[in-house]
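Following this message is one structure expressed as structure tokens.
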Amino acid sequence: MSFLSYLINGVSLGSVYAIIALGYTMVYGIAKMLNFAHGDIIMVGGYAAFLAMVNAGLSPLIGVLVSIVVCTLLGVVIERIAYKPLRMAPPLAVLITAIGVSYFLQNLALLLFGADTKTFKSVISFKGISLAGGALQISGVTIVTIAACIVIVVGLSLFINKTRAGQAMLAVSEDRGAAQLMGINVNKTIALTFAIGSALAAIAGVLLCSAYPSLNPYTGAMPGIKAFVAAVFGGIGSVPGAMVGGILLGIIEILAKAYISSQLADAIVFAMLIIILLVKPTGIFGKKIQEKV
Amino acid sequence: MRHLQKTTKSNFITYGIVILTAVIIQILSSAGAVSSLIGGLLVPLCAYMILAISLNLVVGILGDLSLGHAGFMCVGAFASAFFSKMTAGTMPDGLRFFFALLIGAAAAGLFGILIGIPVLRLRGDYLAIVTLAFGEIIKNVINVFFIGRDSSGLHFSMKDSVALNLDSTGEVIVNGPQGINGTPKDSTFLIGMFLLLIALIIILNLINSRAGRAIMSIRDDRIAAESIGINITKFKLMAFSISAALAGVAGVLYAHNLSSLVASPKSFGYNMSIMILVFVVLGGIGNIRGSLIAAFILTLLPEMLRGLSNYRMLIYAIVLILMMIFNWSKGGGRLKEMVAERLRGLRKPRTKEVK
Amino acid sequence: MALLEVKNLGISFGGLRAVNAFEVKIEKGQLYGLIGPNGAGKTTIFNLLTGVYKPTEGIIKLDGADITRKKAIEINKAGIARTFQNIRLFKNLSVLDNVKAGLHNNYSYSTIEGLLRLPRYFKVEKEMNEKAMELLKVFDLDKEAEYKASNLPYGKQRKLEIARALATEPKLLLLDEPAAGMNPNETEELMQTIKFVQKEFEMTILLIEHDMKLVSGICEEVTVLNFGEILCQGETKAVLNDPQVITAYLGE
């Protein structure tokens, strides 16, 4: 039974990674950049919900909404101020800027909220269920997280495939120049991508902090890296890939923690990334991109 | 060739600056004119300068980004400190430190190769995140190692120091999260500056050679470089592993300046990697001398302006963003032209007066 | 035996057939043209010949040796060098260093010799400088040797690319639209240069070009490509007067 319970916890943690990975994958596919600050937006989402619920005494649902609004705005503002001026710049310059933004968010949070870890109050009051006569406990957070991940992946796939804005995203990711010629507003499409990615990061932040209730300025950094690993695992640019990669990674991490060593779990996840890059750098669902010569 | 002479001259000016700085600081410090605060910073300063130029080899010359130079430094520090503790008393200090340097460089270079082989084939973003992950995780890995020595030989554990089962002659050498204690203090400011000089010569000679040209041509256009028969993997790996090995040397220097070496975020964390990146960006990407100057000023200045220390990292973040926007955006380009125009404007009247 | 012999070369991208059943035989010392409307697959053929793409089927032989599916660097070492349609210089290197990068494999010393500045470093670097300056002189670029490559005017950038390709001492030189973006005077001058390279270096040259004046002026034989297939092949004058070719270019 303990294996099954580890597995379920793995799927739950993996669902959080999947939601974060979606943001990475969309931005990477459409803006062609690695948004290093994505992980730190999770942290901002956590603080926003925390402040709304604890300091302002609002209900958990409102807390989540506040968090989504704050992160969405933050994502759009970051894109407008730091990334948009660099559309034509070499990738290295964009990468360094993104690292600067990430570092800025971490250290601003450090100045505003201090380095001490805050205990996050779970937003989910649902107690969870008990199966097999109590041998298998599944917490409310776990169930809600997995459900949220499924709803988000389905919703996002529908959005991309069925709406005009979603089709515009696909077009921009395929060929930015051609999309522009077809009358698609590339700047708006990229801004929308950042908005959606950041909103997802807010949800991931609230879920992550509910499951592991410690919040500090570096809360988002490691999950951010791991979600990137998940996105690469599934094939960067692919929505189902982000979900599959995220869940697999979550399972691997929890099992490694349980059966090998809790201190080495991160190293094992990292070794996974190296192996994936060696064997299949395009990931499970990724397609090879042929450079134009 | 005039071109060759020009770069050679410029390189020798850089060497001269380093030697002169070493001499001046050494004189000031023997005259007692250096505060103990600054005095304590001198060896780390050398380590930072070595790190800055080695990172510039990756960022400016190879055109890729490493966020794990603190990790390579950590590897060099631990490998060499372990060696020095093991061999303390068995050979002259100078010889031992020389071997420690080689071991630190080799260990860090090896990790550079291990990471470089899978990652350097891919887009630059991957290297950034993989090195970042490496830098963060290597500390966790070192923290679970316990190594001890007694009359029956070496003992190894990943649990705790008691599990080493040492007898009465036993001594714990690597003590998990407590790291390595009592590493011989072999590093001095002059040795540090000497190592910096060696690192500089390696990097500048590499840049101005056949290999350096190959590396820079890959940076500028990978497909064209391939079309003229340049082996992409070989030269990327060469640049990256040399850079990692030099970061390892910085680690050796750092480790042999401390009585207790701990793999903590404070000494080898992300903040360190970012600080080095700031040196490189502020000194000018690809400008080796600039990295030295930026590292020198940014290491000594904040110590004099203590009030800023809380905001230091926030300022670093802003520096990274602003430097990129200033250098690469359209608006930044116009601003740069305006500044250049102003500078010319300032200079012109003066020449007229001279006439 | 022909220097370059290509048989039944083809490639598909996904479902798209970009090049089909391409064949060509180029004799040593020949100046050969590859023409056709935009999107006919000309650059794709260059990419197949130089190992940027791997063909779906077919055989490529250079000087009798099979080089099909070899990697780009191996093909360059085997003796094919090229220029690119949208110039790919090493922008931040000097003009001289661009050519010296081309000398990479023919003038060699080890990295250690370079790091330690051993005598061999100075000797080989000197030889490289002399050889590179010699090549630059051919293209009238010797006065700009110290310039950053990206600071050269457009026409000179195209020439520098040819000089860099020649530095690898190829048996076959592929030029992808060398006259693109040049004015009539520059084109005229370029024609002379290409002729000169053919004679002076005893070079075999295959070029893609849209400028018919250039093609009819210097190419001995041409192949016309349309929709990825050979439309017509043979002696230049005859081919250019072929009604099929005229239709392909001017439309029905």
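Which chain is which? They are A, B and C, in the order written, and residues in each are numbered from 1.
Simple rule for what comes next: a residue touches a chain if its C-beta (ideal position, glycine included) is under 8 Å from a C-beta of that chain, and two chains touch if they have at least 3 such contacts.
Bear in mind that the values here come from a model prediction, so they are computed numbers and not experimental data.
S.K.: So using the touch definition from the top, which pair is joined by more C-beta contacts, B-C or A-B?
M.R.: Pair with more contacting C-beta pairs, B-C versus A-B: A-B.
S.K.: By CA centroids, point me to the most central chain in this structure.
M.R.: Located nearest the centre of all protein C-alpha atoms is chain B.
S.K.: Compute the distance, rounded to whole Å, between the mean C-alpha positions of chain A and chain C.
M.R.: Comparing mean C-alpha positions, chain C is 46 Å from chain A.
S.K.: Between chain B and chain C, what is the gap in Å from one C-alpha centre to the other?
M.R.: The mean C-alpha positions of chain B and chain C differ by 42 Å.
S.K.: Where the centres are mean C-alpha positions, what is the separation of chain A from chain B, in Å?
M.R.: The mean C-alpha positions of chain A and chain B differ by 32 Å.
S.K.: For chain A, write out the residues touching at least two other chains, lowest number first.
M.R.: Residues 293 of chain A touch two or more partner chains.
S.K.: Which chain B residues sit where two or more other chains touch them?
M.R.: Correct list: 223.
S.K.: Which chain C residues sit where two or more other chains touch them?
M.R.: Residues 52, 84 of chain C touch two or more partner chains.
S.K.: Going by the contact rule at the top, pick out the chain C residues touching chain B in the complex.
M.R.: 50, 52, 72-73, 76-77, 81-82, 84, 88-94, 96-98, 100-102, 104-105, 107-109, 111, 114-117, 121, 124-125, 129, 145-146, 164-165, 167-168
S.K.: Would you mind writing out the residues of chain B in touch with chain A in their complex?
M.R.: Within the complex, chain B contacts chain A at residues 59, 63-65, 67, 114-115, 117-119, 121-126, 128-130, 132-134, 136-137, 140-141, 143-144, 158, 223, 270, 274, 277, 281, 285, 310-311, 313-314, 316-321, 323-325, 327-332.
S.K.: For chain A, which residues count as touching chain B in their complex?
M.R.: The touching residues are 28, 33-34, 36, 82, 85-86, 88-97, 99-101, 103-104, 107-108, 110-111, 221-222, 225, 228-229, 232, 261, 263-264, 266-267, 270, 273-274, 277-278, 281, 291, 293.
S.K.: Note which residues of chain B are touching chain C in the complex, please.
M.R.: Checking each residue of chain B against chain C gives 1-4, 202, 205-206, 209-214, 216-217, 219-221, 223-232, 238, 286.
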